[in-house]
Amino acid sequence: MEGLHLEYYLVVSAIMFFAGVYGFITRRNLLAVLISIELILNSVDINFALFNRFLFPGQLEGFFFTLFAIGVSACEAAVAIAIIINIYRNIRNIQVKNLQQLKD
Amino acid sequence: MNFLSLFVLVPVLMMGGLFLAKTLKQIRVVAATGASLLLALAVGLVFAYLGERAAGNTAEMLFTAKSLWYAPLHIYYSVGVDGISVAMLLLSAIIVFTGVFASWSMGFLEKEFFLWFCLLSTGVFGFFISIDLFTMFMYYEIALIPMYLLIGVWGSGRKEYAAMKLTLMLMAGSALLLLGILGIYFLSGESSMNLLELARAYIPAETQYWLFPLVFVGFGVLGALFPFHTWSPDGHASAPTAVSMLHAGVLMKLGGYGCFRVAIFLMPEAANELAWIFIILTGISVVYGAYSAIVQTDLKYINAYSSVSHCGLVLFAILMLNQTAMNGAILQMLSHGLMTALFFALIGMIYGRTHTRDIRELGGLMKVMPFLGVCYVIAGLASLGLPGLSGFVAEMKIFVGSFMHADTFHRVFTLVACTSIVITAVYILRVVGKILYGTVADEHHLTLSDANWYERTSTIVLILAIAGIGLAPLWLSDMIDGSLLPIIQNVKL
Amino acid sequence: MEYTLLIVLLPLLSFLFLGLAGKGLKPRVAGYIGTIVLAIAAGLSYITAWHYFTTAKVDGVFEKWTPLNFRWLNFTEHLHIDLGILLDPIAVMMLVVITTVSLMVHLYSLGYMHGERGFQRYYAFLSLFSFSMLGLVVATNIFQMYIFWELVGVSSYLLIGFYYTKPEAVAASKKAFIVTRFADLGFLIGILLLSFYTGTFSFERLTSGDTSLFAGAEGLSFMGCSVMSWALALIFMGGAGKSAMFPLHVWLPDAMEGPTPVSALIHAATMVVAGVYLVARLFPVYYLEAPDVLVLIAIVGAVTSLYAAIVACVQTDIKRVLAFSTISQIGFMMVGLGVSGLEGHEGLGYMASMFHLFTHAMFKALLFLGAGAIIHAVHSNEMTRMGGLWKHLPITHLTFLVACLAIAGIPPFSGFFSKDEILAATFHFNPVLGAVMSFTAGLTAFYMFRLYYRIFWNKATHHDHAPHEAPGSMTVPLIFLAAVTLVAGFIPFGKFVTSDSADYIIHLDWVVATISVAIAVIAIGLATLFYRKESSIPDRLATTFRGLHAAASQRFYLDEVYLFITKKIIFNGISRPVAWFDHHVVDGTMNGFATLSQRLSGSIRGFQSGQLQQYVMVILLGALLITVLVVFI
Amino acid sequence: MNISIQETVFFALAAVIGLFSILTVTTKRLLRSATYLLFVLFATAGIYFQLDYAFLGAVQLTIYAGGIIILYVFSILLTNQQADEKLERLKNSKVLAGAVAAVAGAGITLFLLLAHPFGPSRLASGEVPVKAVGTALMGTSKYQYLLPFEVISILLLACIIGGIMIARKR
């Protein structure tokens, strides 16, 4: 356990986070975008747990934050997917670039 | 309550009256009454002014009054007139009067038309009576806005394009102008917007050098300064008759008057130094407008380009900075205002009957509508500078005055400008020959009627005014001369 | 002398009355009103002339009278346009000439224009013209002259275009106005230059011989000529335009589209000599300040005169022949002025020129009115439709013959005296010029008699109904003018009108007189040979000199040159490109600005795309930027 | 060099997370993307276990890996006619822009992370007892989370209702 510093974990989560960001920006399918968001959320969850465990081992704030975040992301995924399915039903397509009706 | 404020008040009251008016007849009565009242006021003002001067009142501005309306910037509603503004007010009143009669049978939305028309008049009259820089600017804007709607709604042809173009270009001009005005206000060191006080203040020469072009171009856009004139042909061609009349007749004069009242009066050093640039531009305007007019086929375009040429002459003369030429410039404003209004009125009447303005489709109208034909010839002769009509007086004053300039450069440009009298003759006679003489081009035109009473009223009033200036110019030119002195003295610093 | 004002004002009133109320009047009444007014004016002019010339001379010269002069428009304190009346010998002479010819024309038109549509308008225009022309000759200053000069131009325009439904008439009126307007530009610039250096418009001051007035222009020159020469040459250009001097003469032949009496009044007797009058008016200035311009005037006059005479020989339209003859005769007058001196005996040319102006006005008006009577009778302008008319139109024939003899320079008709003196002055000035002018005089005799024979003799043409003599209102003016032409030569003109207002005793130069009469007689003889009877000689000559004949009958292609300049150069070469430039470049730039700002706003609008991903991207980059800024700076 | 078992596990998890995160966002097929995400989630759970947050790991596995991914897979199958349909190719410039933004962001973040001194950071040992977690969830005093727990539950309820409302056929 000696060698495993906080930074090791943070690097992993950072990579995950920016992979999510990349996906968010470049993906054109709504579901793919949503998957990228899951990556981002996940990396943040890890960070909460990490900081709790490494820096404030006696407490549980980070732990609970992660717990709740997982719950919230579950909600988010459920609602988002519901919306996506609804859109798909209306326009038979879930490409971002085709979703212009709201704009104009 | 100052008697000058009536000029603004009457149009406002007219708007109130129009608002209440229900039937077409009531609308016409309100419009005609108001316009006649304005004309009477203007004539009264001329006599009152001459009376005051004869009684020995030598103040720069007469009938002054002021009241503060925005203290932080020292903006006053302050009014007053000198000979020049009196002349311009008279011109505006005549044209508003005749404009009302020229738009007697608009056909649709008369009430709204006259409402905007009155707002426009308010702006115009307010501009000429103001001696506060900002109030003047405000009235200027008031005069511009209705134009957009008047052209856009009641116009013909590519009216939306023309209205948009006109408004945008004039607005761009007034943006420059606003910059200039604020510059003058803040940099003169005189915390006042009053023209007379500002004229006494000293604006440093370096500041003048960049303020002068701003103000001059700002007003120049409205005065059809080359190359900012292109709104004018499209705008005039698309506007309804009365609006063309008011626009070419009065609104373009706002530009000339502003250049003169604000740019030259307040910034004499810069005017002396930078005049040459604008003399070149206006010199081009004069000749260029005339040449462009030769090949046009739409009556209104011909007249619009001729306006570019004639208004160019106004700015040209103003920049000569001597009394004779400036006097000529003011006379030219009057003269051009009257005759171009006459032209547009007549074109509107012809168009109303034949439904075309293309000179290739017209011909022999003299036989069909002799009254309009004769009036058109008179307008044409006035435009090409026939002695006895107003154009000649103004042009001769300008040419002689400009030629007296000590500088050879200016004299050479005067000669260039002189050539416009020949080109003017060419395009005027071309049109007259094509549309009035010869055989009737379209047999449907044979059954058309001549002018009716309201059309006759408006044309006759205009012709009388044109001939009046042309036959007895001395009183007018003397009235203007008296008021030019302060400006000339300022310029000759 | 205040009544002279009436001479000018009466026609104006008549014009206003007929112009405004004419429609309500019976045509005949309108005609009578115009004619009576003109008769009064003519009467007043005769009284004026009598009064003026019988008043004793002061120091041997006629005084200049200024019965009226008021300020009309100020330029500066010293420079102002006055309107007034200046009477001096030439002005008085012109008053007489104008009112006489005008009265004759008014009278004649009662018959000639009878039944024409727009009769009232016609008389209104005639009155307007008379007013302007009278105002022109009594002008006290050069600017007043310019004012009336323009008015004359407009009346001429209106009268040429009287038959406004005829396209040729409209085109001709336009051409006349524009060509003269172009010349007037020169006049105006000349005035500007002149007044700039002298500070005055007044004829009295300009012609006073006071050279200090011109001190300002001393030593200034432009392109090798002094400024004063330029000014005066430009003023002459104005005169050349009105007087149809080569190459500004192109409008005059076309102006014949107007009614014939108008041609007689305006384009033969009065308006076209305005240029001569202008030069005569400013003669002392020309002589003292710019003698080189006088030479120019003489040369232009000679060239014009010769050119017009040649062209006149081959025209077939009788009015055109007369028009070219007018141009030629005015050339004579110009030459007379050009070769003249100022003082005493030197002033022969001036005197002769004025004399010729006077006599020419009479006999040329007579010719035109005669031509009018002929056209009235045969309803055509073409010589080919005439011939053998002498027995149908006896009065016209006789009066026409008188006029022809006068213009050919056969004594004792008036033309002989005046033309002979011009020739004498020219020979005195330069023999070559004199020879040219003598030759021209010969040509004149030739083409006039060609005209005469082809109208009245030659082969008779068949007419549907026999031509008959004109009514009394038309023949009376003819007889009157013929009488004047017969006796005018014996007027001791040198007593009245001379360059220095002092007496000039005319004594004929017998050598010159003999030669010129001989030439005239030979020319007439030739014309008789060619045209008295039907003959093949003219045709043969025409074929022999085919090129020359064709060129002359096409007026040496000058009209084509003008057409080229106006159509190709001004219209297509300048105006169209300018309009194109305006539409595409200037307007295009403005529209370009509009498009540009539209594009710009379009691209700014792109940032607000509503695309979440793009927003995120930008937010991310922004956050990174801020981080970098906070951390590293 | 002595590599403990802990380290070995960590590096294995790190490798899985890094590799599959990137594959998730770069693969062309949507279904594969979801599968890679599943692997990443499993690895994350592994990290939680390593941190001795066994409960968290369990939750991660059940909710995320078990629930959400299933949801994704279903919706992918529902919305795509062919589940393995390739994703539309993007313009290179956009991909490049995204990549640059991501790499730059990652670079800066990593730089900051590594440059920042976190102080004495040792991985504390000892399992967090589920009983402690339970009490903390059920209490209302300081460091106890009943209120957030209830809020989350209401949120979940709202989501369920909302999801049904939105997705139901009209």
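Think of it as A, B, C and D in the order they're written, each chain with its own count starting at 1.
Here, contacts are C-beta pairs under 8 Å (C-beta built on N, C-alpha and C of every residue); 3 or more make two chains touch, one makes a residue touch a chain.
What you see is a predicted model, and the numbers here were worked out from it, not measured in a lab.
Set against the Cα centre of chain D, the chain with the most distant centre is C. Once the centre of each chain is set as its mean CA position, chain C and chain D turn out to be 104 Å apart. Centre-to-centre separation of chain B and chain C, using mean CA positions: 37 Å.
Remark: chain A and chain C have CA centroids separated by 98 Å (rounded to whole angstrom). Chain D has its Cα centroid 75 Å from the Cα centroid of chain B. Contact of a single residue of chain C with at least two other chains is seen at positions 617, 620.
Among the residues of chain A, those touching two or more other chains are numbered 21, 25-27. Counting partner chains per residue, chain D has residues 97-98, 101, 105 touching two or more of them.
Because contacts link the chains in a way that matches no line, ring, star or complete pattern, their graph is best described as other. Chains that are in contact with each other form these pairs: A-C, A-D, B-C, C-D.
Remark: chain A residues 21, 24-27, 33, 96-97, 100, 102-103 touch chain C in the complex. On chain B, the positions that touch chain C within their shared complex are 165, 168-169, 226-231, 288, 291-292, 294-296, 323-324, 364, 366-367, 381, 384-388, 392-393, 396-397, 399-401, 403-404, 411, 414-415, 418-419, 421-422, 425-426, 429-430, 433, 436-439, 473-474, 477-478, 481. Considering their complex, residues 3-4, 6-7, 10, 13-14, 17-18, 21-22, 24-25, 30, 33-34, 37, 40-41, 44, 47-48, 51-53, 56, 59-60, 63-64, 67-68, 71-72, 75-76, 78-79, 87-88, 90, 94-95, 97-99, 101-103, 105-106, 109-110, 113-114, 118-119, 121-125, 128, 132-133, 136-137, 143, 145, 148-149, 152, 155-156, 158-160, 162-164, 166-167, 169 of chain D touch chain A.
For chain C in complex with chain B, the residues that touch the partner chain are 71-76, 79, 81, 143, 146-148, 150-151, 154, 157, 161, 164-165, 167, 170-171, 173-174, 177-178, 181-182, 184-185, 188-189, 192-193, 195-196, 570-571, 574-576, 578-579, 582, 586-587, 589-591, 594. Residues of chain D touching chain C in their complex: 97-98, 101, 104-105, 108, 112.
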